[in-house]
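What follows is a single structure, and I will ask about it in a moment.
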Amino acid sequence: MSEKPPRRIPVAVLGATGTVGQKFVRLLAEHPWFELMAVAASEQSAGRVYGEVVRWRETVPLAPRIAAMTVRRSAPPLDTPIVFSALDAGVAGPIEQAFAQAGAVVVTNTRTHRMEDDVPLMIPEINDDHLALLRRQREARAWSGGIVANPNCSTAALVLALAPLHRAFGVEKLFVSTMQAVSGAGYPGVASLDILGNVVPHIGGEEEKIERETCKILGAVETGRVTPASIVLSAHANRVPTVDGHLMTVSVGLGRRVSPAEAIVAMRDFRGSDRVRSLPSSPNPPVEVDERHDRPQPRLDLERGGGMAITVGRVRPCPLLDLRLVLLGHNTIRGAAGAGVQIAELLAAEGLA
Amino acid sequence: MSEKPPRRIPVAVLGATGTVGQKFVRLLAEHPWFELMAVAASEQSAGRVYGEVVRWRETVPLAPRIAAMTVRRSAPPLDTPIVFSALDAGVAGPIEQAFAQAGAVVVTNTRTHRMEDDVPLMIPEINDDHLALLRRQREARAWSGGIVANPNCSTAALVLALAPLHRAFGVEKLFVSTMQAVSGAGYPGVASLDILGNVVPHIGGEEEKIERETCKILGAVETGRVTPASIVLSAHANRVPTVDGHLMTVSVGLGRRVSPAEAIVAMRDFRGSDRVRSLPSSPNPPVEVDERHDRPQPRLDLERGGGMAITVGRVRPCPLLDLRLVLLGHNTIRGAAGAGVQIAELLAAEGLA
Amino acid sequence: MSEKPPRRIPVAVLGATGTVGQKFVRLLAEHPWFELMAVAASEQSAGRVYGEVVRWRETVPLAPRIAAMTVRRSAPPLDTPIVFSALDAGVAGPIEQAFAQAGAVVVTNTRTHRMEDDVPLMIPEINDDHLALLRRQREARAWSGGIVANPNCSTAALVLALAPLHRAFGVEKLFVSTMQAVSGAGYPGVASLDILGNVVPHIGGEEEKIERETCKILGAVETGRVTPASIVLSAHANRVPTVDGHLMTVSVGLGRRVSPAEAIVAMRDFRGSDRVRSLPSSPNPPVEVDERHDRPQPRLDLERGGGMAITVGRVRPCPLLDLRLVLLGHNTIRGAAGAGVQIAELLAAEGLA
Amino acid sequence: MSEKPPRRIPVAVLGATGTVGQKFVRLLAEHPWFELMAVAASEQSAGRVYGEVVRWRETVPLAPRIAAMTVRRSAPPLDTPIVFSALDAGVAGPIEQAFAQAGAVVVTNTRTHRMEDDVPLMIPEINDDHLALLRRQREARAWSGGIVANPNCSTAALVLALAPLHRAFGVEKLFVSTMQAVSGAGYPGVASLDILGNVVPHIGGEEEKIERETCKILGAVETGRVTPASIVLSAHANRVPTVDGHLMTVSVGLGRRVSPAEAIVAMRDFRGSDRVRSLPSSPNPPVEVDERHDRPQPRLDLERGGGMAITVGRVRPCPLLDLRLVLLGHNTIRGAAGAGVQIAELLAAEGLA
């Protein structure tokens, strides 16, 4: 464990009534380092009791202490050094900036600021050095707080499998075809008439996010700037009738010919920095390789590492590039709220929040 | 219409109690050229009444005339010039050969003979010239009948989209990631515990079939032999919780840079020979392109051309190869029984059965 | 066939962009008696081209003639003697009344007027004599047109199985537990997160509708008034992850002890009046009894009679009341648009529209 | 807690490779009182390594210690005083009897012996006094061990909701319509083609089991015999496309008119004996009442009490009997392996094993 903060750090959740907001609330309800002090939502919910306005969809019951909270407006001050944002992208921009200016570090699941030059887009095991951007961000924007983002849900899983291959062999080309669960679209999200017994071969903006965010996360930081990785990606995004878990088929082209066995070793041995490994939310290991012939599967393999580990399977040669594989990640934990909590833990461990 | 045979040709179905067998029975029940005269199945069903042994799964009721038939053993003679085979691959080989020797043309959905040198593997719109192999087969094997095969269910859909691109521009490289329905595995096939709310990223032998069969179907026939097309394919096969319809994401590399608009024109204009176009089962057109942003979808687009047309959508540039697209085909019609019936129609029109 | 009208009668559809509205459009596109002349929807769609504003969800392509129509406002005049209403219950009342006053007969799928004293709530095979209410309605409200309603989707299926039992033996008590498809809730309707791999044991207002509407439909008309049938009903409504088709388990108490065989004969022999039987949309027979041990099933039995027949199975003794059975009806055809079209056919045949 | 045994009691699982067998293995892997010493299965698995023959379907990984066990034959001796049976009903009878004769107490999930006069059919919270039958069984059969059964999966959930009502008010009549998950049918069990987007309104033998077992469990023991409760039950059993969890709608007739509020209090206050309450697997409380308008739901409410608590909702008046309600239980935990483990705990606490 990283050094535990001397006392629990107060945190707040923006957009606390949505599906990702609820996941934040659940993960924070008994967090060893953080204490959830405020839940905020839209104007029509503000002032009401959280337990009455939220349509709680988690299988773990809502903690009574949190159920009794009065919902706050999504505006500073909330008097917490860390604010988790699960806001809709349509409104997130100015709200997150206001909190950053008011001195809070905003850890956001929203896409709004992800691709900005001075905003770290983080998977702690991969690019904790990108936190250097936060210092530049504070200077440039004259903020005492700041904004740090976690990636899009499918990107988060993909890049965790790629990082060890990129470090060891250099990833140059990538074909990825996703099969994404409906929880990735929030609530009410995907209409049941659209997805029961069906597949929808389109998710708005998803392919572009995967292509862009992957290169930023795997990029190198120098003098406060990220040079994106030079990977040519071709993404195909699909929605399938599963509840949780994004599964992907991947073909990857590397800097040199690599055997499946070498790739498996690289993925299994992958670890974050010592500091990252000791964070409460960090899974150990972050990448599991399952060599059974028909794994990973969303219904069986999603909960590994508390939803923070990804699972890779079917690593085999690719006739066209170098390797083919399948990977699975939990879209609302590693791909959203769990990622945000882990990033906040890193910020706390680094003394940045 | 091709010239209709002077009287309806007697046909039989082997493996008539299985899911593909039932689809043959349904398609043949009111066929304008063929008359279903015999249904055959395994020893334990032989001698019993078809309507009592079959667990009929089609939504159209079983025709009383056929329900009343006595199930025959799967062995010659069945006294029909055309025999459709929906046998299990484990037993199909010797049975199909016995029928061919006995003078019947066996149109088979089974994988057993597909890759043999002198067996035509056919999509009539694409490679009706491959029928030339049948003449060589008869000579070499001293058969008066013969064996003609339809491709694997996912290959059938894929190759229909590729053929127009291959003709016009030359297909050189291909990624395909499939999302296949459970009916492709027969009955009982996939256990519900394996697939409800789940995806299984493995279908035994499927990737190899796609890679091999595609090149044979798109190959050129010269002097009675097929030279396979030189396409490098990388296939990823997945089972998803849909009932019917195989959906695929595809990235394709062509002989030259081609715009989506050019590719769409090529696919929309694609037609089989005049003879093929006039067969009763031939859809017109065989390839439909739907330009709506989230199509094709199995639940909405599967019945086009009576299940014999495939639908292509989302034709767009690929960062890695040339084009990306999505395609959908009906796995038990174009990918199995409907394909067999269409091939038999071609044989009849050609005077080969 | 009832006497075909000398020329096709112009009709319009209100709420034409919703799921029931689309089903009306599909059923009317090639109707032998009716000609679809106008599609109407909400203010924001009015004036735009139907094919562009509708998110067409039917598996049959939208007819180009209709796709090209300009969407009208949902207000008179639309210049058609018959208007089909698939409006939301929240707005239907005044709009339907305005059309009735303006001289159109409104055949409505909306619940708004169903339980009004002078509004016929109709299943033509069961209660075509209830049309007598229409005359009283016109007098009382000084309308030249009028309003006629079809029942709620689950009630429509249930009451078709009950009517023959009620006629022959008298239905006194009823327990019904439904398993209803998501299409019954319209689009977007049920969120996929609520229903994938789940059952929701509640549908707002459904149990009350079943209890009330069943008694009205099976009631007797005297001097222009309906005396509801005296049946004590206990309904349990559930939403299950099926796309189309409402399945129900039923226990029924009759006026006397009745054997399953007698009940089956009564249901199989059930027919509407000669006039009703000859309507284009009337299935023959309206009630099918399937004696296989595990039928009816939504996926296999829904399309009987073009979706207008219901299927009954598992007729067996009930330890508590008299008989137990299972029944299945198509909720958007017999339970909505198909029912409306059939009622309009009856109105045309009766010279009432 | 009941007094913990001085040391962990060795136990074995018969039928350990099936779905219920796997659930036993998972629940026993870290049990505070029991130590899993042997896994047994069919002849073809015996002698092989468990981790290699089992197709592990639990989401928690198989413990390496157990994975390494050599599978034993399902025959005595296995040298454990308690044996859990998840055998197929077709073979269970003689095997279970052989173990009982050899001195083991067999806690069985199989239906074979459930309705025998001297076999306790147990839900510990309800009828721990039925253990008296075990003494009579040992005498009559001259066994040093014995057989104790847990009920059928849907009965287990139903009877837990009924027991408090029966104690407080007397249950006289009952309608129950079930919506049961596919895991209740084992593996491979229900074919996906039968259940995807479908409901099957028949489960072989289920309705009879519910009707018989409910009366035995709620019956009174006198002088070593059970007098079944006099409840008239009418059951309708259905299979729906959910993975785990049996949901049921119930109408119940009581000895007197009871308000929903009274019934809710009775169910919420229901507890087993002090000894039963302190068993490691006993949930507290065993019956949860959720007053939200659309609960319980399988996907959200199944894990309460570790899968050992049932959830009741929508308690409201019934027009036909007295009360209507909905209930949900976990079919493979409370309805199978969890029930068996809890019974074995009771046996241990009572010094009977």
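Order of writing sets the chain letters: A, B, C and D. Residues in each chain are counted from 1.
The rule is short, and it goes like this: a contact is a pair of C-beta atoms (placed from the backbone, for glycine too) under 8 Å apart; a residue touches a chain by one contact, two chains touch by 3 or more.
Since we're looking at a predicted model, the values are computed, not measured.
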Furthest chain, CA centroid comparison against subunit D: B
Which of B-D and B-C has more C-beta pairs touching across its chains: B-D
For subunit A paired with subunit B, centre-to-centre distance based on mean C-alpha positions, whole Å: 43
Separation of subunit B from subunit D, taking each centre as the mean of its C-alpha atoms, in whole Å: 48
Whole-Å separation of chain centres (CA-atom averages), subunit B against subunit C: 40
Sites on subunit D at which at least two other chains make contact: 57, 196-197, 241-243, 299-300
Residues of subunit D that touch subunit B when the two form their complex: 19, 57, 182-183, 187-197, 241-243
Subunit A residues touching subunit D - in the complex, by the definition given at the top: 57, 59, 196-197, 243, 299-303
List of subunit C residues in touch with subunit D within their complex: 173-175, 177, 179, 196-202, 211, 232-234, 236, 238, 240-243, 247, 249, 251, 293-300, 313-314, 318-321, 324, 326
